[in-house]
Amino acid sequence: MSTSRAEAFSDGVFAIAITLLVLSLKLSGNGSVKDQLLAAWPQYFAYVVSFLTIGIMWMNHHTILAHVQRVDRPLLVINLLLLMGVVVIPFPTILVAQHLTDTGGNANAAVVTYGLVMIAISLGFAGLWIYVATHAAALGAAVPPEALRQSIPGFTGGLLAYVVATLIGAFYWPVAAVIIFGLLAVYYLFEHLPSPADESPSQAAPGAWP
Amino acid sequence: MSTSRAEAFSDGVFAIAITLLVLSLKLSGNGSVKDQLLAAWPQYFAYVVSFLTIGIMWMNHHTILAHVQRVDRPLLVINLLLLMGVVVIPFPTILVAQHLTDTGGNANAAVVTYGLVMIAISLGFAGLWIYVATHAAALGAAVPPEALRQSIPGFTGGLLAYVVATLIGAFYWPVAAVIIFGLLAVYYLFEHLPSPADESPSQAAPGAWP
Amino acid sequence: MSTSRAEAFSDGVFAIAITLLVLSLKLSGNGSVKDQLLAAWPQYFAYVVSFLTIGIMWMNHHTILAHVQRVDRPLLVINLLLLMGVVVIPFPTILVAQHLTDTGGNANAAVVTYGLVMIAISLGFAGLWIYVATHAAALGAAVPPEALRQSIPGFTGGLLAYVVATLIGAFYWPVAAVIIFGLLAVYYLFEHLPSPADESPSQAAPGAWP
Amino acid sequence: MSTSRAEAFSDGVFAIAITLLVLSLKLSGNGSVKDQLLAAWPQYFAYVVSFLTIGIMWMNHHTILAHVQRVDRPLLVINLLLLMGVVVIPFPTILVAQHLTDTGGNANAAVVTYGLVMIAISLGFAGLWIYVATHAAALGAAVPPEALRQSIPGFTGGLLAYVVATLIGAFYWPVAAVIIFGLLAVYYLFEHLPSPADESPSQAAPGAWP
């Protein structure tokens, strides 16, 4: 199967998951509309963080698949497991949106759920990247080993940051954890995986990427 | 009509149906968030089983349509009936997610609904495959008769397993039935229909599949 | 703009609207799950009728756009108005699903709403078809005038049938009206607009349709 | 990355956001279905205005990206921020649909929320257009400076109109503000950005636009 097929399906899933985030915006129904709108700031906060996060994931997903020309069954299965995490994102987003200002451990539980989903997705991305790198020849692409080694710290770093933020949210300040989740998304907006263009500029010509 | 048009529409439907599964994740609102999250395990279970199932169906749908170069009106109608079953999946998924631990027959009714939808979709896939195989020449593809005969037991086996699991869910253990539904999805992750590539390797070259 | 762009967007809208029909399936919460499932037959009925209807509309939409090679601004606007009707379909579907067995005029009101949406969409399709036919040269396609004249009775007939069914639903039997809506969809599954292939077989070759 | 990739993802987001507008159509449950349908006119009003608005935005988004052959990281980030506004649209649409006839400032708060989202999106479009125009060479396209200068008043005018309508909605007549939002959409249906075809007709040939 060519990558374009798998990418089109993945794109659809990313696009729908990112659009369903709007479901996390819902007024409580108590008080005037203005008061409800002002009280709903955790909803806007959770929406923005999750939107940027899914957006970045979409970009990185393409960067990874841009290294290969075709996909095989194991890659499709890893991709499916990764998407299983991405599709879930609106659920912890709604949890955080509803409970970030709760007391009695509710905010912590919501943020930990969010963090665990992010950690699972990070592991999925790591699995996808490692599979692509270790099966580069069979997938019709040449990922130089040094590029792979260079990218591993980036993955480990991101995963570690999610773990730390989740622990902070679990035991200390849930709001701080969500801020870190947001900063991670902003960081990855500008810092990213090595793309095929970085290594072999000739492939960056228009049309080279299906 | 070329297959790419019908595939793009079908891909969209699969992608949206799989993403709407997140609607099956919804806390009850009773008790602390942590307690609600722990009590919601049937929701996670139903989500994972349905996600893997739709994911496999998407892959097999492509494998079937990869055998042909164009689609005709009857094929589009069969495909539409098949998608009518796929789109329904979030409904029994929510039923199972909400009622798997209920007593008094509710869990059984939920699981039987799930199983009936799966049986209907399996029949739809069988219809699609039989139509493709029996109209191979008109659809611009050569499916060797032996490949068709080899794949019939696989279809019958899958259908039979869904019937057995549905009966187990109806009269004995609903949870066991859902486990079987999940194992069927995992089984089909690795076992699958004969693809054009298996028969005629030259067609597996990048770009051969639209 | 080439038709492929407009078709891809329209395809997405059709695919999402058809998938959102699953939202019309929702148990009442009163009584056992089995009793609720049995009492929900109007939901299944409305779901099937609307699913087939949107499916046919998708096919006919392609048949119309297959006549042209590019789209202009007025065509995009007509298409947008048409899609505005298609996207609404889940709303009257839910109305019919919830109120088909109500008394006191509720079932009639639901069915009339459904019928009015169908009439509006039929008018949208008529507008799209007439625009394509009358601007064939500018849109890069040759629709013979006789093919246009032949197709006008089909459009008028379908529109008239929707008007009659809506009136029957308004004043007599709502269930009969929904049955007619369903029969119309089944009828159009097999009867359809003249396609470019019917007129100029050479264009039906694989790849001729973008 | 070629523009087709970013366009396909953006198309998906536009298509889903426009289709989720149907969620703003929901009867109150008080009184007969007929009475509820008649009382729900603000829902139809909000639906039509938002549908046309997203439709226009989709067309203009394509017109902008039609000027370039590839996208870079900053363009993707600006596009993501723009989509973050588009995806939100169903939220203020529901607010307006539910509260347009409320008193005590609720209608004003709903309309102001709607207007702020529109202003944010207008700024996003302005950012996208300015980036494309100022990085035309690097993005593989020649946007003549005079075309850019000509289009700036159009952008400023639209933004100003949204600000005025929002202020009218905030302090005077919420319904009038929504009417202006609708008229703006209708205006942009017919008035639009300079397209590549206007400047270089040879690029308008079928197939020139990916």
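Note that the chains are named A, B, C and D in the order they appear, and that numbering of residues resets to 1 at the start of each chain.
The criterion applied here is as follows: a contact is a pair of C-beta atoms (placed from the backbone, for glycine too) under 8 Å apart; a residue touches a chain by one contact, two chains touch by 3 or more.
Fair warning: this is a prediction, and the values are worked out from it, not measured in the lab.
Colleague: In this assembly, which chains make contact with chain A and also with chain B?
Modeller: Chains in contact with chain A as well as chain B: not a single one.
Colleague: Check the residue numbers that chain C and chain D use where they touch, and answer same if over half are used by both copies, otherwise different.
Modeller: different
Colleague: Farthest from chain C in C-alpha centre terms, which chain would that be?
Modeller: It is A.
Colleague: List the centre-to-centre spacing of chain B and chain D in whole Å, with centres computed as mean CA coordinates.
Modeller: Measuring from centre to centre gives 37 Å for this pair.
Colleague: Based only on mean CA positions, could you tell me how far chain B sits from chain C in angstrom?
Modeller: A distance of 26 Å separates the two centres.
Colleague: Please set out, as single numbers or ranges, the residues of chain A touching at least two other chains.
Modeller: Within chain A, residues 8, 12, 16, 20 contact more than one other chain.
Colleague: Take each protein chain as a node, join two nodes whenever their chains touch, and name the resulting shape: line, ring, star, complete or other.
Modeller: ring
Colleague: Taking the complex as given, what residues does chain A use to touch chain D?
Modeller: Spelled out, the residues of chain A in touch with chain D are 8, 11-12, 14-16, 18-22, 25, 27, 32-34, 37, 47-48, 51-52, 55, 58-59, 62, 189-190, 192, 206-207, 209.
Colleague: For chain A, which residues are in contact with chain B within the complex?
Modeller: 1-2, 5, 8-9, 12-13, 16-17, 20, 69-70, 73, 76-77, 80, 83-84, 87-88, 90-91, 95, 99, 102, 104-106, 109-110, 113, 140
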